[in-house]
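One chain, subunit A, links the two complexes that follow: it is found with subunit B in the first and with subunit C in the second.
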Partner chain A sequence: MKTPTKLIALIVTLLACAFLLIPIIQSVQAGLTVNYFRGLSSGLTLKWVGEVWELYSGSIFLSIRLALACLAVTLILGVPAAYALARNPGRASRVLEEFTSLPLAIPGLALALALLQLYGTYQGFRTNWSFILVGHVLYTLPFMVRSVLSVLATIDLRSLEEGAASLGARPARRFVDIVVPNALPGILAGALTVVTLSIGEFNLTWMLHTPYLKTLPVGLADSYASMRLEVASAYTLVFFVMIVPLLMAMQWASARAQRNMQ
Partner chain B sequence: MTQRHFVMLCLVPLAIFTLAFLALPLARLIMASSESDAGWGIYLQILQTPRYLSTLVQTVAVSLAVTAAALVISTTAGLFLVRNRFTGRNALLSILTLPLAFPGVVVGFMIILLGGRQGLVNQIVPGHLVFAYSVFGLFLGYLYFSIPRVLLTVMAAAEKIDPALEEAARTLGARPHRIILDVLLPALAPALAAAGAIAFATAMGAFGTAFTLATDIDVLPMVIYTEFTLSAKIAMASALSVTLGLVTWIMLLMARSISGQTVAAGG
Partner chain C sequence: MTLTLTNIAKTFPGGTQALLPTDLEIARGEIVSLLGPSGCGKSTLLRIVAGLEAPDPGAQIRFDGEDVTRQPVEQRRIGMVFQSYALFPNMSVRGNIGYGLKMQKLTKAEVDVRVEEVIALCRLEPYAERPITALSGGQRQRVALARAIAPRPRVLLLDEPLSALDAALRGELRDELAMLLRRFGTTAIFVTHDQNEAMAIADRVAVMNQGQVVQIGTPEALYRKPATGFVARFVGDAMRLQGRVEADQLHLDGGSLPLVGAAEGHATYARAEDIRLNAEGPVAARVETVTFLGTHYRIALSGAAPGPLFALHSGLSAPQPGETVRLSIAPEAILILPEDEVV
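Now for the complex of A and B:
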């Protein structure tokens, strides 16, 4: 490409970067300055971050706990299922995979309304954190299944398993000793995706949460509506500090899993 | 236990979970939409009630505008980043994919920081330019989370285009803009269609961003939310949810059949 076209493309790229990055910088800055409206000259402080910790540390821990529980459930449900789908690549498997992937396509709000209408009257369940967990698992499970399935699909599982079977390994043993180690890059990529998405999930959680069960993003919405800009920014900063390393690890793991497949 | 039995057993936990927490709730949602006096005619009512119809039109209009803008910006940036290697390229790429992990509410807050009462634009430009809570603010918010999604789809496709094609066009004397129009864009067309469908579906269903910004704007997710929580019009909220879900599902099904990609409709 010659210079003028290239220059326009460069400018568009830089403008897009500026559009995405500037508010992020603003929120980091606002979360760390004494008075955002007076600017940096009012001095830097960790006061707002401290205030966020006092107000919202419960939300932050709830989100971490939810993400880990969500990871455990998606591993238990997703990894064996991906194996079964890889061993039986028939029409029935396609239909089941397609159906479990629906939460990727249907907005979380609609899924939450569906869950609320069926289970909302069971008070013990409705007010328990496992109700939110169900929503998170629903949303993240397809990512785990697909991530593992895409790695398993490139491996000749049948020959590997036949080899092990001829040496006397039973199906469960073969799953643990052959399938899981071979699927590890996919499991890792899937796990990081599940944790990242669970910590940031808002659309379902907002509908499913109760006043006593506020997750990190629910707390964020709360702070945007009712706290001063500095506190809201400091909270967003805390969220960035958690989510950005996860996102980078997730992108690294996905790229690695894809490289292994080639 | 035979191999066959074991493989079937592996599917059981997923099947039970999906039945209990996806299939049955969705069936309940569809049934609930028919439980008002209007029965199944409620879907006709959506089109006959001016408020719902204008909401539908406005949501589609904003989503289409965002799709178009994201396609133009992300295709330009994506092609540039695929075709050029330079220092800082990876940094630019990281910035452009960063919002992928942001929930919709955070995206909304980003727009408030740009165009709210205490926002950047209002500080630089005198005269109280506050646009965060207008349709334009909503458009910017949707654009914020659409750029990375479209960018990744376009870049994945652009990397597969044979550079020899461009090379050949250049040797034959084609000007840069003709190479883009005649070589690159046709080769990218399936990816652009898929990315467009993804962007459109995501914008249609975006709740978090609308929740922060669209306090005075009627977009479908917000109307569903207020009908359900404030007006307690459960049947109408369900019917609108079913409609919205069908639209986004069909769009993403189309996207996947074109490009074979998986993308989530968060935001």
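Now for the complex of A and C:
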């Protein structure tokens, strides 16, 4: 049972886990101790978490609002786009698909600069949260399109639609009754990816934000730069609590999508 | 419903003529099979009737006199069974069967009653609540048929509905399908490349080749009086008797056979069941292989004609490979047909 190779594998795995987990544990602990430099002996407290809430609850709500709006836009744009690409396979579709993925290859900073150059002078827009939303949609849309497209590619969409049409369903009915339900695993996986990415997005958002529009990650950078360590760590804790369930749901959704394809 | 097709042709982008101008009239309640090798245009013709492909300009499709040529598929009130079945994986058996009825805006109670009827008719009771993915091929085939027939379509279109099944099941479902179609009484077009399916199911068979209908008739008529060598080969597997025709004699390599009527400039064919092993027969041939098929032997013969000939031989024993035998073919069993342009 316990051969030397297995033992080595176990040790390596544990080391890798420790490498990843210890900073997280330390950070969480820092956010909950009265004084990080005196350690746990100084006692545990929720004071810092409360302070984070007081200072940054606006950021938390802004991030949630942004993520949900971003999800709505990517659903409205991305699902029909993926459908159109799946129904019209060909060279032009491949080129379009590559185009939608282009924002991924460009650094967020460059993307943000381009947006600022183009729209920065429209004052009402520049200072509105929808300006950041545009950046988030640009960055997350490819994930929605790809995710839906990969599911649609595994089903014989044309035959299914012809079947529905032969039974009297008009194009809009077919989209709602046949396309969307069968693309659901991809839509779900895409939706979770979009929300997670939008909440965690920093590069682009940092360039676009104003002092009145700080998202969760921008606020985190701000707190590390200007607050005491305990507050920043408590902030990290808040961030974890928000993002970890999303990540787990994402894993679950993609596992489900995989199962559906078999 | 009477179905009238006038001047239906299809040219694909790029110039390929999938279907040459075709006329076809199908009577109320009639089951017509489009039979032909792959690429002969039979599926294209079916899809044009369905409204899934647009015909070339000048075509006219009439359902009981009503011109539907420009109607989209969802308005034609057809029922279609696809080769891949195209069942909706996001719905149960019941959901699939009820879908067309829902599109007709029937009340839920009406839909339920009609779905129940069709489920009973197609003997799908045990599977009604199952998801499509939990069904076998034969069950899916029946659900596809039930789904197509539930909205009481004006015409039922079946595109190779049995070809996705394995051979044993195919035979069984063929007979069941023939029975169900008779029971529905709906006008139906049935596309297949399998002559046995066409013969078993259809009232009339339209044999298609290279984008056109070569001959249309009852299975018996096609079998007994094929119009061309292609039809003779495709329906009933007639074999070419390549030889020299002189007056009313056919001179083969292995001997001469009497013919009924003059056949100069024509091709001669015979079917395996008409070739008899006969000690006094006029033609000599060499036995190549013998296959025992239970009710009869299938014997491959060489030397009588340039190509191989097969004879069906019933009896308790058969000659051995390598033996020389003599054969005869009744003069009226020899098909005298025009030479094919392309063989």
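Methods note: the second predicted complex is superposed on the first by the 250 of 262 C-alpha atoms of A that agree within 3 Å, B and C clash if a C-alpha of one lies under 4 Å from a C-alpha of the other, contacts with A are read in each partner's own complex, and residues count from 1 in each chain.
Going forward, a residue touches a chain if its C-beta (ideal position, glycine included) is under 8 Å from a C-beta of that chain, and two chains touch if they have at least 3 such contacts.
Fair warning: this is a prediction, and the values are worked out from it, not measured in the lab.
Partners subunit B and subunit C, once the complexes are superposed on subunit A, both fit on it without clashing. Judged by the touch definition given at the top, the superposed model places A:Thr121 against neither subunit B nor subunit C. In the superposition on chain A, A:Pro181 makes contact with subunit C only, while subunit B stays out of contact range. Between subunit B and subunit C, B contacts the larger number of subunit A residues. Annotation: apex subunit A, arms to subunit B and subunit C, angle 100° (C-alpha centres, rounded to a multiple of 10). After overlaying the two complexes on the shared chain, residue contacts for A:Arg170 are found with subunit B and with subunit C alike. Using the contact criterion defined above for the overlaid structures, shared-chain residue A:Ser159 touches subunit C, although it does not reach subunit B. When the shared chain is aligned, no partner comes close enough to touch A:Ser226: not subunit B, not subunit C. In the superposition on chain A, contact of A:Ser41 is made with neither subunit B nor subunit C. Of all C-alpha pairs linking subunit B and subunit C after the chain A fit, the shortest spans 8 Å.
Shared contact residues of subunit A with subunit B and subunit C: 165, 170.
Partner subunit C is touched in their complex by these residues of subunit A: 155-156, 159-160, 162-170, 173, 177-178, 181-182, 184. The touching residues of subunit A, when paired with subunit B in their complex, are 1-2, 4-6, 8-10, 12-14, 16-17, 19-24, 26-27, 30, 36-37, 76-78, 80-81, 83-85, 87-88, 96, 99-111, 113-115, 117-119, 134, 137-139, 141-143, 145-146, 161, 165, 170-172, 175, 196-197, 200-203, 206, 217, 220-221, 224, 229, 232-233, 236, 239, 243-244, 246-248, 250-251.
Touching subunit A in their complex are the following residues of subunit B: 1-3, 5-11, 13-15, 17-18, 21-26, 28-29, 32, 73-74, 76-77, 79-81, 83-84, 92, 94-106, 108-114, 118, 120, 143-144, 147-148, 175-177, 179-180, 201, 204-208, 211-212, 221, 224-225, 228, 234, 237-238, 241-242, 244-245, 248-249, 252-253, 262-267.
Interface residues of subunit C facing subunit A in the complex, by the touch rule stated above, are 50, 52, 72-75, 77-80, 82, 84, 86-90, 99-100, 103-104, 147-148, 151, 157.
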